[in-house]
Structures are given as C-alpha cells and as structure tokens.
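Each structure below is given as structure tokens.
Each of the two complexes below includes chain A, the first together with chain B, the second together with chain C.
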Partner chain A sequence: MFFTIIGICIGSVLFALLGYLIGGFVEGCDRRISARMQGRVGPKIRQPFWDISKLFKKEKASTNPSENTYITCALVLLVISGGVFFAGSNLLLSIILSTLSTLFFIMAAYSSRSPFSTAGGAREILQVLSYEPMEYFMAIIFYIVIGSFNVITVSLQPQPLIVYGWPVFIGMLFIQLVKLRKSPFDLSTSHAAHQELLQGTLTEMSGPALAKAKLMHWYETVLMLGWTAMFFLDARPESWIVAVVAAIVAWFLDIWIDNNFARVKWQSMISWCWGITLCTSIVNFIFVSLL
Partner chain B sequence: MLAIGVLILSPLIAGCILLCCRGDISRNVIVALSSVVIALASIYVFVSGITSGPQFFTFESQIVDVVCTIVGALLSIIVLAFSIKYKNIWAFLLACIQLVGSLFFDLTMASGISVPQSLYFDNLTLVMVLIIGIVGCSICVYACGYMEDFQAIHANEKDRRPIFFAIMYVFLSGMYLLVFSNNMSWMFTGWEITTVCSFLLISYTRTQEAIHNAFRQIIMNMAGGIAFLAAMMYVVVNIHTLNFDAFLHTGVLDPALVLFPVVCFSFAGITKAAQMPFHTWLLGAMVAPTPTSALLHSSTMVKAGVFMLIKMAPLYAVSPVPSLMLILIGGITFCLASFIAISQSNAKRVLAYSTVANLGLIVALAGVGTAEAIWAAIFLIVFHAVAKSLMFLCVGTAEHHIGSRNIEEMDQLFQRMPKLSRAMMIGAMIMFIAPFGMLVAKWATLVTLIDSQQYALIFLMLFGSVATFAFWAKWLGKLAGVSGDPENIEGTVHKSERFAIGLMLVIALVLSATIPLSSAFVVEPYLVYVFGASHVALGPDMLVCASILTVAVAIVMLTGMHGNKQTRHIDAYFSGVAKNADLRTYVGAKGQVYAATQRNFYLDNWFGEARITPIADISTICVIVICFAIAIGHIFGLV
Partner chain C sequence: MSKPSKSPWVIHYDASSCNGCDIEVLSALTPGFDLERFGVINTGDPKHADVFLVTGGVNTQNISVIQQIYDQMLEPKVVIACGACACSGGVFHSCYNLIGGVDKAIPVDVYVPGCAVHPTQLIDGFIKGLEILDKKAALMSSKKKNKQISQSSGVQAIPSPEAAEHKENSLNQETPVQKEETKRGA
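Now for the complex of A and B:
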C-alpha cells in the first residue's frame, strides 16, 4: 500500500516534468505538421513553450473568482492521473481521475456564465458522454487479457496486448480524436478563433488560467500517447521501440484527420462513438472468449 | 435486546406524542429530544453489535403476533377507507385481497408455527440501523424548519403537521421492526407499515395530483405486498417455518424447493425499490413534502426492498431464474433511468430517476450474489442514503428560497446561497464522481461484474454510468456559474435545516474518507459471516488512494473558489456588444437590449421519457412474466 502511494507520487512528479517537455514538443510538432498540411511554414518547434511562459507572465484577469480553483484542480488531477498511469499503477484509477479532471474543466467553463463558454462546457459533457464507455472497455479488456489492472504488468507479458485487444485498440484510436478535441470532434473548443463558438470552453480564460488549460491539453496528449503505446509493450526490450513508433503513427493519423475533416454535429459524434464502442467491444469480448 | 425494543418503540411513542402536539415550539423540542434519543440508541446498538458480532435473540411473543395481525388489518382498512372515499377500484380490490389474505394467513396458517428466535441482527442490519437512526432523525429535525415554511406557503390550507410528524416517526418504527425481525410475519408488518406511511405522506397535501400519485404508489406496493404474502404462504406450507434465517438455509441446500417464494420475494423487493416498470410510483411520490422524499423515497424505505434482496444473496448465487430476473431488471433500470435523467430539468425528478437507477444497480448486484458484489451493494446503499438525502435537503431548502425546484432557476445560486451551493455540489459529486464513495462502490461493481463474467450487465452499467456523468455534470455546471453581485438570501434558512444539512454533509464526507475502515470492520466481517470468506474487488491500496483524494477534493470544494485579490475582474465576452456584462445584457442589431440566457441541454429526442419509458416497460415486464411463468410452472412440475 505504502509503495503504491509513493509510486504514484513519484510518477506524478516525473509526469509533471517529462509530460511538460514531451507535451510541448509534441504540440510544437503538431503545429508545424498541421501548417505544412495547410501549405504554411508554421512556427518553430519551441514556440509552444514560449507561448506558455508568456501566458503565465500575463496579468491575472478573470470573469469570476472560481475559475482559477477549478482549472488548477483540473490540471493537478490530470497530472496525478498521468502519474498513476506512468507509475504502472491501476489503469481504472487513472481513467476515473482523468474524468474527474475533465469535470473540473467543465465547471471552469461553466463558472463564467458566458454564452460561448457555457455552450462549450455543455458540449464538453457531450464529448465525455461519447468517449467514456470506450475507455472503460479498454480497461476491461486489459484486465481480462492481462489478469490485472496494473499497467506495469504489460511489461511482463510474453505477447503485447494488441494481439488480443486489437478491436478495442481500434476503438481507442477513434475516441482519442474526441478526447483530444481534434476535428471533426472539436465541438467544445477549437484552436482557431471566430468559429461558431469562438473558443468554446476556453473563451473566457486568459493569462495563467489559459496557460493551465493549454498545459492540460499537453498532458492529455502525452497520456493518450501512453495509452496507445501500452498496447504494444511486452517483456521484450525491443517492444519499447515498437510502442513508441506505434504511438507516433497513431498521433500522426490524428493530425491528418484533424486537418482533413470538418466538424460534425453532436448527434453524429455520439452515434459514431457509441456505435464504434459497441462494435469493437463486442467483437473483442467474443474474440477473447473464443481463445 | 432491550436496546432493540427501545429502537422499535421509542419512535412510536414520539409519534403518538407528536400527534397531539399542535404548537411549533413544543413540537420542535419533542422532535429534537426524540431524535437525539433514537440516534444515540442507534449508535449504541451499532457499536455494541459490531463488537459482539451477529446475534439471534430467543424471543417469542404471542402478544407481538396479535399486535402484528391487528396492525396489518388496520393498515389494509386505512387503504380501504381511502379507496372508498376517492373511488379507486384497483386499490379497493388489492386492499380486500390483502386484508382477507393476511387475516387468513395469520389466523389459520401461521398460528401453529413458532419462531423461537424472532429478533436478530447482523452487520447489514446494523448498517441499516445507523442509516435509519442518524439519517432518519436528521431529516425529522430538518422537517421542523421546512414544514414551518411549507405551512406558511400553504397558509390557506389546514395545518396537518401533527399527523405529518406522527407518520414520519411511525415509519421509523416500521423500518426498525423490518430490519430486526427474523420472523417473516413481523417483517411483513414492518414492510406494510412503511408502504402505508409512504401512501399517507404522498397524499399529504390532498391535491388531486397528490391523491392520484398516492394511489399509484399503494397499488404497485400492495401488489408487491401480496407477492410477499404468497411467498410466506408457500414457505409455511412447504417448509413449515416462518424463520427467515431457516428459510435462507433451506433454500441454499435446495434451490428448486424455494424457487417460487424467491421469485415472489424478488418481485416484492423490485416493487419496493421502484424498479422499472414500477418506477413511476417513486416519480409520483415527489409531490410529497421534501423531507418525505429524503427519508422514505431515497434513504430508507426504498432501501427496505434491496435490504431484503441482499439478505437473500446466497440464494441468488445458486438459483439462476430469480438471479437473472434481478440482474436484467436492475441492469435495464440502471441504464435507462440514467438516460431519462438527462432529459429532466426538475431537480426532484432528476434525484428520483437517479435513485431508481442506483437502486437498480444494487438490485443487479444482489442478483449476482457473490461476496464481492455484496460488498459493492452495501456501500452503494450507505453512500446513496447519505448523499441522496443531503441532495434532497439542499433542493428542499433552495426551493423555499428561490421559489422553484427547476435546475434552470438555480442560476447564481453559488452567490445567493453560497454554503448551500457548496453542500449541494459536494453531495452531487459524492453521487457520481471519483474519488468519492459512490464511485468507489461503482468501481468495485465493475470489477465484480468482470470477475463474475456478467458481460451484458457491464454494457448496461457503463452506458448508464456515462449518462449519470452527463446529468450530474450539467447540474454542477449550473451551480458553478458566478456573475454579477446578487443578494445573499441564505440568512433566512432555519437553524434546524442548517443543522441537518451540515450534519449530512459531514457524515457523507467522513464516510467517504474512511472507506478502508468501514470496509475492514463492518462490511468484510459481514461477508465472512454470510459467505464464509470475504473478497473485496478493490485492494486496500486503492481504497486508501480514494480516501486521500477524497480529503483533498473536499478541502478544495469547501474552502476554494474565493479567487485572490490580485486578479482583475473582467467582463464576459459578448462579441463586443455588451450593455451590462453583470446582467448578461447586450445590444441587438437594431439597438434594442436583450438579455443572454443559457439553458442546459436535455436531449429530449434521444433520452426523453416518451422515447425510453416504453422500451423499459416492455423489456422489464417480459422479464417478470417469464420468470413468474417458470416459477409457477415449476410448482406444477412443468419446468
């Protein structure tokens, strides 16, 4: 028990540091690649770090006193969620903490009572409604195949999780788009201003609060990369290379989709996500029980 | 055993005194005193019971038997009188069947049967005792202030508060009788007392709607009561006992012999726990004054049904037909009731659907019947009782101060009633989000379902759970909204209401933070007692993690959200046309001033009652009919 808690604490601290570096780097690459896809040159890879530090130096200004508490909680809980995951601890705990983090983010959006921000918050709830079942099915298949919820046990297996869990992996790839708010599922927020909802949940955030929201996105991205990589890890050391490559490929796919599809309505989002969740998880249950 | 007698009788005495008491002050004093006595006695029984372990008491009394018969007959006569007065044929028929049936049963069939050990307790009983004693009494205290406001709002109607308080206390007596009895006939009396108390409280205002909903409640619950009676008759004829414990032991050894009574008891439990298709009575019950909803319709009475089902868990583990009945009905109810809750804007209806849903999960877990499942079910009962009554109390107080129970009217509640809002937000969070108690129990549920390979139930549970997130999160979002500088109207909340809400909040948080302890000292010994071994789905490390996080999040929610002085206040963005940002007004294209309002989403086309209820009713009625057909066919040797 003691080791679990210490492990989660150390994991969280390390995730806070490394997640920041990797997340910023990934964000920089994302912007660069997206720019190339759109025929632009794009900013330097280091640009996101400059943006964040500049935002943190800006004046603290807010529409309401609660926002900062909520957004800080959201960030801290997300870091702990990532800490739980990368410390190799309980996968379900990681998932439910990331949900709690999202709840605080939603409350931050609602706290301003601004029309754009509130609508963004409501849409964020719909995003959760869309993607959350799939996360749990991933954990369930993980548990059935590996026999434990502890992420660390994948590195003791002779075969990677993908061998038995390929259907839920496909589902996971899909809902990652929703979780990371990539187009066509960027309903609650979007990077480009002056869309129908301005920036949705982020509309009223400025300065340090906005910086925290952006940081959250970095950490979320790293966590998603981790979830993807987890499917390819096993006892062999070379599997780590496979896992990293797989995560990069999945992430590249996300960017490509983000740049090539237009935003959909929430109805389509829920239908698509629930449909794919049902199909992949049922196929996976059948597949696992046949073997 | 003396303490048990005190627990069963003292609310009854308090109720009789309150019936004759018309002054506000004397009533408040009596309620406060009796609540302290009952709560302390409950704590005493709980502590001494946990230290001594489960006990059966050699107690047999013909006087109690006769009293139970008379009370049972009186209850049926009350319903008969109401059904004649309001010309309700179905209630009349069912009450006649019940009156004749129970008199016939008590006077002929049960007369020769003796139950030497009529009273008992185990840890599950003790948990219920604590819920009834502490939650129940806090709600009675809360009712003092609430009913004063209620009477002020309904000033032109007759003051029926003496009878209101009397019924609340009689109800507590009935609950104690139910949980302590090992004699099925006494259990049945307790069961019927709670049903009729609920009926009388729903019809309290005597409006047409209240009467209509009260009859719906009594018809559905009497159907359950008659099933209970049928089960007892079958048990007396075939097993020659009224000893509930003996019935359970016989049943485990010979599941085929008890198939019919188990299906009947399950049916009774399902009606009491307001499972689909019977959930409509609980929704109708929301017309009753809010303390009633908090006490009867969320924390205690509806728990009587699942209490009995959990007691019978070892039978479900060996008997597939009733087990499947509970799993399917509970699972479908959890999923679909959570869906419908998304489409509701009336706070009490949201709470009612959420109650129906959570009871569904508990029913399904009882149907699974393993030690792991019962661990989760007991924690669901405890946290639901505490958190849901906290929510009801908050909504009741808010209703009297903002004049509406509609969630859409709760704009700026965080500024108008800051303490109440924080209590409400925490209550909501305990209901649905990690690391609080309810979600820890749901987490254990999920692991249990995987371990017992209940794949269909996993689907129902996960989709139901995300729907739960959706309707609570949008409510929380509404509460989180802050703007302008509205007047604080919290000063006029009655002291009794503040006390009850504060107490429930503290209890809910403390319970959430001490799950590892309550698991080790209360629930696991129960599992060892019933199943021979305890198996908890979550490791102690995860429980401790949840506790630590609970404390952290609770501190933030209680003390945070004040902002700091260095932060400059800016106006919300209105595309550059704001007139007054605090009032959310802006200038339209032709120069008129509009106010921007926001409503939450309700997805009525997807999750509306009209769309979901028929699906729910048809599927659950099919399950019930098939299970009864199998059980009855089994009696005649057909299946």
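Now for the complex of A and C:
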C-alpha cells in the first residue's frame, strides 16, 4: 500500500513534467497538421508553449474568485489521474479521478454565471454523459480479460488486450473524439470563433485560468493516448513501439475527423455514443464469454 | 520566457463600414495570407484577446459597444484601427450619425490606412502593433516588480486610467445629432 502511494506520487510528478512537454508537442503538431489539411502553413510546433507562457503573464481577472480554485483543482486531479495510470496502478481509479477533474472544470464554467459559459457547462455535462459508460465498460472488459484493475499487469500478459478487447477498443476510439472535444462533438468548447456559444466553457476564463484550462486539455490528450496505447502492450518489449505507433495513428485519425466533419447536435452525440457503447460492449462480452 | 507578440490573439469588431475591410481582415486570416503561422488566432472573445482590430467608423449606436469590448480586454492590449473609416471616418466622415474614427471612442495604437485596407498593409500594421504590445508587457512587468500596480481583489478588471480618461472626453463631446438638437433648441 505504502509503495503504491509512493509510486503514484512519483508517477504524478513525472506525468506533470512529461505530460506538459508531450502534450504541448502533440498540440503543436495538431495545429500544424490541421493547418496543412486546410491548405495553410500553420504555426510553429512551439506555438502552444508560447501561448501558455503569454496567458500566465496576462492581467488576472475573473467574474468569480472561486473560478481559479476550481480550475486548479481540476488540473491537479487530472495530473493525479495521469500519475495513477502511468505509474501502472488502478485503471478504475484513474477513470474516476479524470471524471472528477471534469466535474471541477464544469464547476469553474458555472461559477461565472455567464449565459455562454453556463450553456457550455451544460454541454460539457452532456459530453461526460456520452463518454462515461464506455470508459467503465472498458474497465470491466479489462478486468475480465486481465484479471486485475492494475494497468501494470498488461505488460506481463503473453497477448495484448486488443486480442480480446478489440470491440471495446473501437468504442474507445469513438469516445476519444468526445473526450478530446474534436469537431463532430466539440459542443462545449471550440477553437474557432464562429461558435454560437463563443468558446463555451472557456468564455469567461482569461489569463492564468485559461492557461490552466489549456494545460488540462494537453494532459487529457496524453492520458487518452495512453489509454489507447494500453491495448497494444504485452510482455514483449517490441510491443511498446507498436503501442506508441497505435496511439499516433489513433490521434491522426482524430485530427482527420476533426477537420472533415461538421458539429452535430447533442441529441445525435448521445445517441451515437450510447449506441456504439452498447453494441461494442455487448459484442465484447459475448466474444469474451465464448473464448 | 517568450514575449506576448509570439502569440497575439485577435478580436475583430466591425463598427460601421462597407465591409470591404472586414473581407480583407478575413483574407489575412485565411489560407491566402495565413496569419496563424505567426500565432495569430481570431478569438471572438474579448477576454482572450490581446489585439483589438476595429474596422469602420464609430457611430452613436456602437460607441458603447466598442468601449465595452475594450474594457473587457485584459492588459497588455493593443488597438489597431484598420482602414480609412476606422482612422478618420473615411467616406462617411460627415454623416449625421458618425462620430468619427475609432480614436473618438478608445485609445488607438496603430492606424492602418487604405480603402479597403490590403492584407499586406494589415500585416505591416500588425507588426507595428506587436512592438507596442511587447513594450506594454515590459512596462507592466516592471510596474509589477515595483509593486506600483495595486493588487486587484480579483473581482473585476480595472480599466486603464488612459482608457477611463478617454471615455470621459468622448462622453463630454457632443455628437453631431446632439449639436443639431441644441442648435434647434436655441
């Protein structure tokens, strides 16, 4: 127990540092690849780091002082969630902590009382509602196949999780779009200014609070890519390369979908997400019970 | 640490113009000129923006809107007046409802001439504006070090004294409509 906690602490600190670097790099690549897909040159890869640095130096102002507390809690919880996952500890705990982090983010959006960010917060709740069942089904399938909730056990298996959990993996790929707020499902926030809700949850955030919200998105991206990579890990050392490549392919697919599909209504989002969750989970349960 | 000019986020407001300049502003932001390669993002949210891009002149109806957007923006910030109308009122300068250029409402840092303004001119104006943005940021950080800036309680952004003074001046000025009314009354 003691060593587990120490492991999670070290994992969280490492995730806070490496997640920042990898997340910023991934974001920079995302913006550049998106720009190329739109026929533009795009900013430099280092651009997201400059943005964050600038936002931290802006004048501090918020409509409600508690906003900053909420957003800081959200960021810290997400870092711990990533620490739990990357330290190879409990997958279920990681999922619950990341949800709790999102709830704090919603609280931060609601705290300003602005109609734009309140509507953004409501839409964020709908997004949580859409992707949450799939995450828990993934954890259940993980337990049935591996026999434990500990992430570290996948690296001791003779076969990767994808062999028995491929239907759930397809579901997770779909959910990833909602979790990372990519285009068909970017209901609560938007990178573009043509959104009817301005920037949704981010509307009333400014300066350091906005920087923390952006950092949260980086960590979320790294965590989601980690969950994708987890499906390809096994006892062989070369599986680590396969896992990283799989995460990159999944992420590229996200960018491609982000740039090619228009935003849907929340009703469609929930029905698609729940439909896919139900189908993939049932297929996976049958598949696992047959083998 | 990087300078704020590395990532200038823009809010674009069309006061009262023929929309010629707005099309050129969009042209500067879209693939043809692609200002995003310099980190410029069109935000649409004054709280996120560093640069206030105004096209068109100020009239009696939108002066309060321009001032409100300016007040909602956080320091350091720069105002760029794009096109002849934003600089001086342009072809609409003697209209009954027009107050004048953007500088009648808020302090302007860079004037970009042209009817309509060409995207390359706009980029040129941007570069000038970013120099001012960096200077303002440096001034802000040096003031912070000297603790001359009174710590706000975090409730609301304090509008800069420069802006408040400007607002008072513009409110004291009689609009052309008011002038006519006073004449009639006399």
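Simple rule for what comes next: the second predicted complex is superposed on the first by the 290 of 291 C-alpha atoms of A that agree within 3 Å, B and C clash if a C-alpha of one lies under 4 Å from a C-alpha of the other, contacts with A are read in each partner's own complex, and residues count from 1 in each chain.
The rule is simple: contacts are C-beta pairs under 8 Å (C-beta built on N, C-alpha and C of every residue); 3 or more make two chains touch, one makes a residue touch a chain.
Given the structure is predicted, the values throughout are model-derived calculations rather than measurements.
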Task: chain C versus chain B, contacts on chain A by residue - done: B
Open item on the list: Output check: A:204 vs chain B and chain C. Expected answer is one of first, second, both, neither. What do you get?
Closed with: both
- [ ] Considering only the touch criterion stated at the top, classify A:125 as touching first (chain B), second (chain C), both, or neither.
- [x] first
Open item on the list: Just to be sure I read the superposition right, which of the two partners does A:51 touch: chain B = first, chain C = second, or both, or neither?
Closed with: second
Open item on the list: After the superposition on A, what does A:59 contact: first (chain B), second (chain C), both or neither?
Closed with: both
- [ ] Could you tell me if A:259 is touching chain B, chain C, both of them or neither one (first, second, both, neither)?
- [x] neither
Open item on the list: One more residue to check, A:41. First (chain B), second (chain C), both or neither?
Closed with: second
Open item on the list: I'd like to know which partner A:100 touches here: chain B for first, chain C for second, both or neither.
Closed with: first
Task: Shared chain A contacts, counted only where both chain B and chain C touch the same residue - done: 59-63, 65, 68, 198, 203-204, 206
Open item on the list: List the residues on chain B that touch chain A in their complex, please.
Closed with: 411-412, 414, 429, 433-435, 439, 443, 446-447, 450, 455, 458-459, 462-463, 465-467, 469-470, 473-474, 476-478, 480-483, 539-542, 544-545, 548-549, 553, 556, 560-564, 566-574, 584, 596, 598, 600-601, 606
Task: Residues of chain C defined as touching chain A within the complex - done: 1-2, 4, 6-7, 30-31, 34, 36-39, 42-45, 47-48, 50, 74-76, 137, 140-141, 152-157
Task: Residues of chain A that touch chain C when the two form their complex - done: 31, 35, 38-44, 47, 49-51, 53-54, 57-63, 65, 68, 193-195, 198-199, 202-207, 210
Task: Complex contacts: residues of chain A adjacent to chain B - done: 1, 4-5, 8, 59-66, 68-70, 73, 80, 90, 92-93, 96-97, 99-100, 103, 106-119, 121-122, 125-126, 128-129, 132-133, 136-137, 140, 143-144, 149, 198, 203-204, 206, 270, 274, 278, 281, 285
